[in-house]
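Across the two complexes that follow, subunit A remains constant while its partner is subunit B and subsequently subunit C.
Up next is the complex of A and B:
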């Protein structure tokens, strides 16, 4: 079935109220006449026989590399690295792409009598995955074969004994990666490229790296010069990762890259109205919306979080590419764009966003205020190619309850960042200069990162830097329906309703602003002319 | 003369206690054992005493605790009822018309008795003779029925208790001298070896950001300059700004105090406490919770200075023992013998006058009330934090006082 492309709806009197995400819930909102709504493209068709597609990709690699089977030999040291729990969003129904691909890689390795095989979750500075998360991502069979024998590892960016320092790039970036990976005859890296930013050299250069190395591209200057993260040719984040990736290749670190793309079939059947255009809602959709909304209203907070965390997306594999990193990533990026690009004609004074319950860093967790800021200004604002949807000096209005709540196990340094840093300043450069090192080297955060399920001490800083481009670019950020105290601490304005937000925005954009609502998720990338 | 008098009414104390428990901080004035009275002039208790006219007198946390029946009964023998409270007083001396601040503590000399061993050394804070003179028992002026405190139009003091203040010092700065003296006394009790630290720069944590906490923060900055880092734990958001003005480097709220100390000292969390912690913690609250916070956040072998007036508290002291923590009480003011050169053998009050003026502590005065409006004043003081306020004071009309003074001279 051919999917309909994304498009921009010009709102008129007959346009029905639209669905707007609001954290662990959603609401309907009437948009002003003459405003625009960007709708994502419908999910494209999945591969009919994904397992065969994977095998074919491994045997028909892209770029200057041999088929995987020819790169494998019995005495070799093989490391299979894979993306962590931050991808995809929401977590996908089993089998996960990683399971599918790793099983194929392991079959080939077995055929070639490779004995020294280790699996590594490429955490970078993310939290360690739980056993349940690893099982879901890899499947019981792989987990049970590797985990009990200590062959399923999670990258530890703070373990000096298991990191290898390889030198500096021509721009002075330190290159330090996982020792096992560095010493392997071959790294096979399995990606889930949910958005165009994912994958490429970033996989190894970030995923298997350390703070010493990552700080060279996860910083304010880099983030402000990444316009956007979804457009590699205009992203300093990518340029830095590419330099590091090429440096690794020159140092003899051999990577066989496997990248997979998904369609945007994001929500299970009971939530199917979430990805339909409102005027096409059937009676059943309206009934579902109303009953789900009502039920959520009556559900206590913790239970609501559990319900949303249990959602598994029916994403399906749409392409798989394997081979040399850059050649693979070029094709993958085109495939991501094929699903996600929507042409948008011109910018607006105001960008309106409904922020959902999930971001890459609160899977099975709590969306704390810093993650709300990052999801809105770091991710959604940056879902563009060409120019941002909103004009320079314009206003972003985000709808999210922004609860003053943190997951104490997953986000301990976020709590302190919120209390100790944002209470003093919200200026990303000042934060980087005055506070980053102390958090990054804090032994307690290091301990929790290494032994518990905590994000690295520096991680909340990166979330804030992720917003740096938007913070520098925008005239004002308004959160609708957020916890007033939390919103104030973030340095944003609070509004009770969307109309209040429009009124507040008038100071910045005048009384007749142009407005665009970006109707995501499902994910789309606006190519703004 | 008008004065606010605190009676010993068991029924009213019980009422205050119940009202306090029922309503948390807030208490109904009707259940308070206070009343505005018209009192006859008191007789001077000795030759070296003089009459004074209070211009401004602060409402202290210890006054509120007494009014609310929350203070310790251990000190009941050192109080005589009914008394006129007010021990943070700026006044005009009747005998020479000079503006003074009152060192309210009652020691042997003021009590007209032979000096005890402590008083011989000018260590008046340690004097325990308040029960043994002709003056009815009272820890300080403002706690004895024989000498009215500053919540009145008329008071008196021993000439040794009066410190003349410079003409260019405001009444507001002056009314903060007594709390600042208490703060300085606490700060100068920090033992030098406690500041030998694992941290780059020693960290001193101050729990509480009411008047005493803010004065303590200011005193730390005043005496230690940049040789220490100061963390002030605040309860209300507005206190952060004041803490910073007073010299705090870091702040935390009550909830994240422990994690802030942890982060600043690179500690791990072990059970309820930290592996390292602040080098010194100054507890300016004196509650069970603040003492627990102090014990769990001071470094092993560190020092807690208890400046806030405590009362009966059920507290687990096993960490105090296991972590070998020094707990130091700091009561009022005296003569300072400190490792800090500039404070050697100086009267705390003299140090406080200079510090309060220099640091402009008068900015901590949030509201002024007349004696007639005492109910509103006390309610404001009880809810000061919630009402973004710090120091609440009573004031008397200066012109009226001068008239009274002139009449007396005539």
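Up next is the complex of A and C:
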């Protein structure tokens, strides 16, 4: 079935209440007449025969490179790196793209009798994946072949014995990556490009890199000059990664990039109403919405988190590209745009967002207040090409309960960041100058990152830096229905209802502001003219 | 210092305020719940800028009402009509029925065409008809209003024995259904104005009823319903009680070579003449009719306040006629 394009709806009196995410729940909300709603494009058709498509991509590479089978030889060191648990969102139903592609790569490697093969989860500074997560993303067959033999590794950005320092780029950025990867005859990197920000040189230059290297592009100045992350040509984050990637290529690190794109079929059938346009909700949809909402209201918090964490997305593979990194990424980005771009005419005074329960950094975990800020201001605010959806000095209204809760195993440094840093200042530059190094080099956080399932000590700083552009750009940020204490600590205004938030916003944008609501799910990128 | 008495009064007041506050909160909560249930039951409306897909809806003019004419449903409806609806309309509208004897001039079926001022009109008209006629009568109801949701459609078809009629455009299937039913011997109640009057003045009669009469050869019975707007007018949710009148005219047929448009005008004039009969005597009204001086149902006054000022509603009493014993 042909998917209908995304569009901008002008709200009128006949527009029904619209669905708005609110963390681990959702609500319907009547939008003011004359406001706008950005509706994403419907999920595009999946590849009919994904396995054949993967094989064909490996044998018909893009850019200046040979087919994968010709790059493989028996005595070689082959490293297969893959994206970690932060992609896709929510985790996809089995088989995951990574399993599908790695199986195809391993079949070719086996045909060529390649014996030295190692799999590495490209964690960067993310938490280590659990065995269950690894099994889900790679499949039992791959996991059982590599994990028991110590050949399934998780990148450790703090292991001095397993990092190789290669030098500095022309802009003085340190380049240090995983030793096994650096010494391999070939790195095959398998990527899931959920949004246009993912992939390209960022895969190796960030995913297999160390804090020493990553700090050059994960900082306030870079983030403030990335407009946006979804538009590589205007993203300083990408420019830095591209410099590092090219440096690696010049140093002889050979990367065969495989990138996959997904459609936006994000939720299983029982939640199908989430992706429907509200005026097309059938009686069944309305009943599902009401019963699910009511059931969630009555469900205890922990159980609710478990229920949402168990959701697996029915994402389907829409394209696969393989070959030289930049050539591959150009095509991939176009394919992502094909699914996600929505044309938006002009900016508005207020951007309204309903934030869901999940972000890249709380898969199987808890969405803490810092991640709420990052999801809203780092990700959703940046889902644009051209200009931000909201005007300079405008207001972002986000709907999320923002619970004052942290996962003690996954986010230990977040707890201290929230208590010790945000209580002093919310200014990203001041935070970077005065606090980053202390957290980044803290031996306890380093220990937890390396041996437990904790994010790196510096990770909450990066989350706050992701917000830097929005914090600098916006006049006010309001969270609807959030924990008052948590919202206050973040430096945002708190409102009980959307209408209250509009009243608060009037102080900044006047009494008759233009309003745009970004409807999710699924995800979209607004190309604002 | 307040005296103990004042203090007590203040306490009572604050208690009363608390109770009022609690009631307000409860009402708000109930309203919110009601809104949610409305959201579940009602089909969401399309934004104006969205083109509705051409999927053939099973509602509206396409709603299948055949179930409502099955013997069992008719029997249940008959019980409801006789034991609930008739006492209800007698209590609320106290109808005075005039001219019912004219229905003996011909054999059924008939097409009853009436002015339309209130949601009470259909029920009132159906319950004032003679039993043998009312048990075999269907009512044409606006497809876009009474058949837009499944719930409303079931109520309309089940209780009123309504059939959907397209009122904004010519629709062959709804006209065909009405024609088939009339040809099968069903009486039909239809409001040719296509909707309730917004201000008490009549609206032009559409040609649907006239067309049906010409096609089937079934006579039109003009009916004038008086004062239902005072009880429940368009846009109001408050029902009040009062006295109403239902005036039946003699059955009429289309003249030879008279088209539906001209016939519709004649039907409208017949209804206007029945209106004229109220407050006057029958003979005066037919004198007006023959001298073409019958006041029209419609008004060409543009001024809103003047239309309202001169409307029947502004000059009529809503009081039931109370029978009193003569003073001795």
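Observations on the structure shown:
Heads up, the rule we're going with is that the second predicted complex is superposed on the first by the 529 of 529 C-alpha atoms of A that agree within 3 Å, B and C clash if a C-alpha of one lies under 4 Å from a C-alpha of the other, contacts with A are read in each partner's own complex, and residues count from 1 in each chain.
Methods note: a residue touches a chain if its C-beta (ideal position, glycine included) is under 8 Å from a C-beta of that chain, and two chains touch if they have at least 3 such contacts.
All of these numbers come straight from a predicted model, not from anything done at the bench.
Steric overlap between subunit B and subunit C is absent once the structures are superposed on subunit A; the two fit side by side. In the superposition on chain A, contact is made by A:444 with subunit B only, not with subunit C.
By the document's definition of touching, neither partner reaches A:63: not subunit B, not subunit C. Vertex at subunit A: the C-alpha centres of subunit B and subunit C lie 100° apart in angle, rounded to steps of 10.
Number of subunit A residues touched is higher for C, counting subunit B against subunit C.
Judged by the touch definition given at the top, the superposed model places A:314 against neither subunit B nor subunit C.
By the touch criterion stated above, A:475 is placed in contact with neither subunit B nor subunit C.
Nowhere in the superposition do the C-alpha atoms of subunit B and subunit C come closer than 20 Å. Across the superposed pair, subunit B and subunit C touch subunit A at no common residue. Those residues of subunit A whose C-beta lies close enough to touch subunit B in the complex are 412, 415-416, 419-420, 423, 438-439, 442-444, 447. The touching residues of subunit A, counted against subunit C in their complex, run 9-17, 28, 278-281, 283, 286-287, 290. Contact residues on subunit B toward subunit A in their complex (touch as defined above): 240, 250-253, 256, 259-260, 262-263, 266-269.
Those residues of subunit C lying in contact with subunit A across their complex are 36, 39-40, 43-50, 150.
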